[in-house]
Amino acid sequence: AQELINKINEKCFSKCITKPGNKLESSEQTCVAKCMDRYMEAWNIVSRAYISRVQ
Amino acid sequence: NARMRLQQSIHTFTDLCWDKCINKISNKIDRGEETCLTNCVERFLDTSLFIVKRLEETRKNLS
Amino acid sequence: AQELINKINEKCFSKCITKPGNKLESSEQTCVAKCMDRYMEAWNIVSRAYISRVQ
Amino acid sequence: NARMRLQQSIHTFTDLCWDKCINKISNKIDRGEETCLTNCVERFLDTSLFIVKRLEETRKNLS
Amino acid sequence: AQELINKINEKCFSKCITKPGNKLESSEQTCVAKCMDRYMEAWNIVSRAYISRVQ
Amino acid sequence: NARMRLQQSIHTFTDLCWDKCINKISNKIDRGEETCLTNCVERFLDTSLFIVKRLEETRKNLS
């Protein structure tokens, strides 16, 4: 799962923390949490599409 | 290892298609985004096949 | 040639398939074919420039 | 090798935070840019911890 | 130091040589020299921030 | 392996200079694009030499 964590970190940091401040604001945490859920959803959709093609 | 290569491909496609299909983060991936993600994977694979096929034809014509 | 195919795939997909649809449209195929030829031309120009410098 | 992994992380963060914090090249990195670079590293690490913690909680709730 | 040189090369080429001409202009050299110094400053700031967090 | 390193460099430069020099896909690479690609490779190598030389001078002055 390390690769998935790295990708989520990279994508969600760049989407949610546009101007890094003194602490991780609660609005940024909410954004990261949502972004993380969306990324895992996307990963599942992509898996299904890819596996159904290569089978 | 086949399983690891499969996972790696899924990571690569999720990365690429996320950038192409997801603009803002909402409460759920909507229908349009889901279709875009699926089509993105399928069209990328189509493009890949198209390129390989065309390269082979070029080679055949040269020999 | 695998590396070249991967690069062409990456560059030409992003240039030619801006909104992925239900199938690879013939206009998209034409674009990919042209893009592929241009990429290989560019590869040749870059090779010549690089080799003439490192010799 | 721990020393090499440390160096690699510093390269990765400098790359990422350079793009986020440095717009034009001036004669010295100014106060605002320095703060941005420091915060960029710290917030990235916070985000990383937040993600790992949240994943673990999800797993715990599922089991 | 190879990794640092590669990163400086990549970042400073893209910042300073926007339209590559027949030679490296002196204004481009000045820009690369400054960019290189800034990149190494940034590297030091990032190191300090990172090391003080992981300690 | 020297041949593989050469090929890898050509791939890296084609990738970089393609993004810098090719905007739209036309029927042939035109004169301007060709000059841009050649200059892009040469200026990148110049930049590389300039950086290494300047680093060495800094080291000499420090010792």
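A, B, C, D, E and F label the chains in the order they appear, each numbered from 1.
We adopt the following convention: a residue touches a chain if its C-beta (ideal position, glycine included) is under 8 Å from a C-beta of that chain, and two chains touch if they have at least 3 such contacts.
Quick caveat, the model's predicted, so the values are computed rather than measured.
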| Chains touching both subunit A and subunit C | B
| If every chain is reduced to the average of its C-alpha atoms, which one ends up farthest from subunit E? | B
| field | Inter-chain centre distance, subunit B versus subunit E - centres from mean C-alpha coordinates, in Å | value | 34
| task | Averaged over CA atoms, how far is the centre of subunit A from the centre of subunit D? Could you give it in whole Å? | result | 15
| query | Of all residues in subunit E, which are in touch with two or more distinct other chains? | reply | 16
| remark: Flagged in subunit F as touching 2+ other chains are 42
| message | So with touch defined the way it is at the top, what topology do the chains form here? Options are line, ring, star, complete, other. | response | ring
| Which chains make up the ring, in order, starting at subunit A and heading to subunit B first? | A, B, C, F, E, D
| message | List the residues on subunit D that touch subunit E in their complex, please. | response | 6-11, 13-15, 17-18, 21-22, 25-29, 33-34, 37-38, 41-42, 45
| subunit A touches which residues of subunit D in the complex? | 20, 36, 39-40, 42-44, 46-48, 50-52, 54-55
| Where on subunit A is subunit B touching in the complex? | 3-4, 7, 11, 15-16, 31, 34-35, 38-39, 41-43, 45-51, 53-54
| subunit D touches which residues of subunit A in the complex? | 1, 5, 8-9, 12-13, 16-17, 19-24, 28-29, 32-33, 36
